[in-house]
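Going by the order they are written in, the chains are A, B, C, D, E, F, G and H; count residues from 1 in each one.
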Amino acid sequence: MNSDPLVIAGRTFGSRLVVGTGKYPSHAVMADAHVASGADMVTVAVRRVNLTDRSKESLLDYIDRDRIFILPNTAGCYTAEDAIRTARLGREVGLSNWVKLEVIGDEQTLFPDNIALLEATRVLVREGFVVLPYTNDDPVICRKLEEAGAAAVMPLGAPIGSGLGIQNPNNIRIIKAQARVPVIVDAGVGTASDAAIAMELGADGVLMNTAIALATDPVAMATAMKLAVEAGRLAFRAGRIPMRLYASPSSPVEGLVTASTP
Amino acid sequence: MTIRLNGDPYEIEGPLTIATLLAHLKIDPRLVAVEHNIEVVKRHRYETTMVNEGDEVEIVNFVGGG
Amino acid sequence: MNSDPLVIAGRTFGSRLVVGTGKYPSHAVMADAHVASGADMVTVAVRRVNLTDRSKESLLDYIDRDRIFILPNTAGCYTAEDAIRTARLGREVGLSNWVKLEVIGDEQTLFPDNIALLEATRVLVREGFVVLPYTNDDPVICRKLEEAGAAAVMPLGAPIGSGLGIQNPNNIRIIKAQARVPVIVDAGVGTASDAAIAMELGADGVLMNTAIALATDPVAMATAMKLAVEAGRLAFRAGRIPMRLYASPSSPVEGLVTASTP
Amino acid sequence: MNSDPLVIAGRTFGSRLVVGTGKYPSHAVMADAHVASGADMVTVAVRRVNLTDRSKESLLDYIDRDRIFILPNTAGCYTAEDAIRTARLGREVGLSNWVKLEVIGDEQTLFPDNIALLEATRVLVREGFVVLPYTNDDPVICRKLEEAGAAAVMPLGAPIGSGLGIQNPNNIRIIKAQARVPVIVDAGVGTASDAAIAMELGADGVLMNTAIALATDPVAMATAMKLAVEAGRLAFRAGRIPMRLYASPSSPVEGLVTASTP
Amino acid sequence: MNSDPLVIAGRTFGSRLVVGTGKYPSHAVMADAHVASGADMVTVAVRRVNLTDRSKESLLDYIDRDRIFILPNTAGCYTAEDAIRTARLGREVGLSNWVKLEVIGDEQTLFPDNIALLEATRVLVREGFVVLPYTNDDPVICRKLEEAGAAAVMPLGAPIGSGLGIQNPNNIRIIKAQARVPVIVDAGVGTASDAAIAMELGADGVLMNTAIALATDPVAMATAMKLAVEAGRLAFRAGRIPMRLYASPSSPVEGLVTASTP
Amino acid sequence: MTIRLNGDPYEIEGPLTIATLLAHLKIDPRLVAVEHNIEVVKRHRYETTMVNEGDEVEIVNFVGGG
Amino acid sequence: MTIRLNGDPYEIEGPLTIATLLAHLKIDPRLVAVEHNIEVVKRHRYETTMVNEGDEVEIVNFVGGG
Amino acid sequence: MTIRLNGDPYEIEGPLTIATLLAHLKIDPRLVAVEHNIEVVKRHRYETTMVNEGDEVEIVNFVGGG
């Protein structure tokens, strides 16, 4: 029983790590990585059914829905209209009225269009969605999204799939200091320490896909990310030592069996 | 008749219901969502929603993403 | 059973985290932190017995020696002679012929005097000690220590007790690339992500004291460090994704139910 | 004659450094710092005339308007309406139809409200203003501002007056790569190297106030900033060497008068 | 007339930038870059005369020895003996009894062998040389070199030719705080801001070769480095503003012509 | 009469023109800008723009800022 | 007689063995180490090593350190 | 006779002085330094220092370096 769970919109999650379902070598590897990650929420994309090849096995056959909550996303949408339309379809599939809301504003960086994002958030909140918007590390837009009814804010750490790690730690720290909803760092994590840093900055959770799915060994990396998120969270709560430019001895400076003095 | 199905022209005997269309396509109605002329179709309406000449139908499901 | 143990001088350790015994609020808290850390090697200082107050309970009563290996250190020594003398006394206590060899060269930074360190290493290796020298992040001195018979090299990440984290990651990476003995990052860790980073750089282990002992909640921080070391090690072995300046989508760019294009 | 001038809205500036007029110990020190900085554009705030104390000497008496172009700003405005109103008054003073457009969204960080900023930009561009909007380091909003007719975009490097330096170099690099108008890094510079870094990232200019005005010696710091901006610009154009993890000798490895080989 | 000159062993240098003579596209470009750099000390290597091709023009024909002081180096030497022998030959050429003392300890990193370096320093100081040892960023070895009579200490910022910039700023700051002789950061600079940072850390000078010689435009980069060193020095002396996580307004918060309040 | 001048109540003989008001306040009309009831007043209108009881007037200039 | 014990002068009846000294000091011989005139004393020599006037004795144990 | 010059065997009439050797090699004595059997030769000794069969001579100058 987790004494420090993540709670979003009244729903409790045992893990503070949210993972994706894309880019894995196979559905089987993905399923193993999901187990290793300990995540109980995964995000999925909404796309047209493949009509020409019906054989294609379904993604959902590889997700243990008794244990894992499904978070449909609007990845790939470049307008509020498309994101809203995609969110509605995602809900209609019947597994969740939650949405990881993405409205992309630039193809190179996949950075959000925060104006369209805010507009789409307002519409979907009105329609009863639980909206988790992917945004950038701007405390002002995060506050606007919160005021628009977002259930959490998901600032990016770095461009999606870049693996650069948290590019602007101060902004994440400030967003967390100002937010009254959970803050999930979404995108940019490349390795375990990146996830730990996000949590040490005070984030309530981390969402990642590429760092696990495209690692040489996705299952091992999923385990690493699980441990790193827990480590970072614990360290954040444990109260780290202050930084100092010079040293401070760990052993007593008295009682030495020596004449020498520095 | 010809409809627009998932963005492409599609020839099929019609008019017909969404339910019949899905059956024809061998698509399990659970775990997909259907749009008819840009409007989401609730599942309980599959039997009663008629698809006519020139209609636009979108059938989606979940795929891997991040 | 650990499939990826740390082996030093033929001795196998289940944990890659080595912790200290100084600066804890109490012996009891230390004992709990040791358990939480999962460490099976701890370092201790050698000091004169307190003759005036014999009541003082013994440190060793609080260390589970069935599970935890004792690593005496020469902290506080400023000459090769003092370090050698202290190492001999530490061995005579009868628990270990290993020594965490410190010869301090500067009181402000507690950086090592590498020349005296090398000299003391040669002497103690000749006397049959298993020598683990605390040095700085200099690949050249690390190689000389290895050639002198050191069982591992322990470059510092930052000044002892500073909590600054790994100040020069490239040097740690280079030291590891050149070393044929285990590389333990000793000193400088402040929080969990620092430990994860050390391991992601390829270090074989991490040694720390202050970061745990002086954390607001030492036991929680000890757990965080345990997880962080495991996470960093796993991530190192799992093969992280490359860094890229721009983004790479996690969801398919085809099959969108939308007219819009970027 | 400067062969690499900064051109904004068809106006040519000899210096790529834009400075402020606030927080100086005195108007006299400010005037000296302006000369030292080499700046030919300075920004000023628009405020109510002090009616109670008419003695107060005028800021403009200390600005050599033959040499220095005046850039009124809308600092302190929290709505598009206020910013527009302030911009109009600034223009009416009769020295410039340019405006450094600020619409603040948060009192702690003084980060912009980009949505209101975009709205105000559209209105003022329509009214014939040359608009230089202060925004955050978001390539998407920068593109929208450019499309709205901004004459330049001015992403922040860090919070105003924080002196933290460029917090997210990649975003500045990306903004520059995408922009078709000049990119001026506005706010966050603390010392000379920060300004050099901004220019090395490709920025067309740097705007700063606090780093000079509140330095112990504002005139010396103004000179430092002048040199740093020129250095960074030159280095950017000169084509720096690539980074490599290992070394590359600067002296020939042949012809040594020695037997020794590595 | 420079009011803040660099003084080493009683000799005054107008510039705090010391440059090399290797790797340039041509001797002519080198000569132009030397002028652009403003340096009045350059370092040269000692190598066997080319007997087969006597046509080869002499390096010295391209160095204005009325303006520029020659600093022979022992680059490429891997033992104290070789370095001493090379230093003696360099002196015998008759232009300088100064030596940039290098004793390399590792071929990949070109990091110094500090033990042999210290030994060679002692010998050469005894022989009346003015010794400027290239060492690593270790305050302890720097103090030993100073005690051995080194006229300056030259810690590396990063591996020679790597262009990585100052890898461990704290160590440079600490070395400067403890040194009583000038501290010259030698090696590792890649671009102008790196040089400025070195000076802002308190270094008395910077020595570089590759960053200028292998830049796409060596003469432009030499100018950039000249300006950057001056900028960094001035900023160091001017007293930079403190860093703060949050913002501090540059314009008055009173007197706004607005109803709105944050 | 009472007007609102730079946000505060202000007693003055009136009605009067902006020009007269500035003269009365000993403010050089150059290098300031004037708002009358939220509308910017062009400089050439100072002579003809009347300030009446209860009007709002703002007079601004440039001050140090960043 | 007077010896130097852990750096300080110490009065005690003597000569005596290390073993007797430890017993007198109520120090458990296990988990300490003893130096006699700068030479480490092996534990099995405690019974036979004599401490005389002016000798230097160091008795150490493990304490918390890092 | 054969000497070792800058590391390689070298045939030359001899014995001869360093000065003669430099002249023979067309090397300007200024701006070079000479080692004879591992000993630096001061410039004023070039006339008097004899190079014999099997001697080692090194002649160096300054080249570009960093």
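Just so we're on the same page, contacts are C-beta pairs under 8 Å (C-beta built on N, C-alpha and C of every residue); 3 or more make two chains touch, one makes a residue touch a chain.
Remember, it's a predicted structure, so these values are computed and weren't measured experimentally.
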Checklist entry - Touching subunit E and subunit F alike: which chains? => result D
Next on the checklist: Please report the smallest number of touch steps linking subunit A to subunit C.
Outcome noted: 1
Checklist entry - Out of C-D and C-G, which chain pair has the most contact pairs? => result C-G
Checklist outcome for this item: Note: subunit H sits from subunit A at a C-alpha centroid distance in Å of 72
Next on the checklist: Rounded to a whole Å, what is the gap between the Cα centroids of subunit D and subunit F?
Outcome noted: 33
Item to check | Approximate Å spacing (C-alpha centroids) for the pair subunit F, subunit H | outcome: 93
Item to check | Two or more partner chains touched - positions in subunit B | outcome: 35, 58, 60, 63-66
Item to check | Two or more partner chains touched - positions in subunit A | outcome: 20, 22-23, 45-48, 73, 75, 85, 89, 106, 108-109, 111, 160-161, 164, 170, 174, 209-210, 213, 245-246, 250-252, 255, 257
Next on the checklist: Please list each pair of chains that are touching.
Outcome noted: A-B, A-C, A-D, A-E, A-G, B-C, C-D, C-E, C-G, D-E, D-F, D-H, E-F, E-H
Checklist outcome for this item: The subunit H residues in contact with subunit D across the complex are 35, 58, 60, 63-66
Item to check | subunit B - residues contacting subunit A, complex | outcome: 5-7, 25-27, 30-35, 38, 40-43, 58-66
Checklist outcome for this item: Contacts from subunit D onto subunit H in the complex sit at residues 250-252, 255, 257
Item to check | subunit D-touching residues of subunit E, taken from the complex the two chains share | outcome: 20, 22-23, 45-48, 50, 73, 75-79, 81-82, 85-86, 89, 104, 106-111, 159-164, 190-193, 195-197, 200, 209-211, 213-218, 220-221, 223-228, 230-232, 234-235, 237-262
Next on the checklist: Under the definition above, what is the set of subunit C residues touching subunit D in their complex?
Outcome noted: 170, 173-174, 245-246
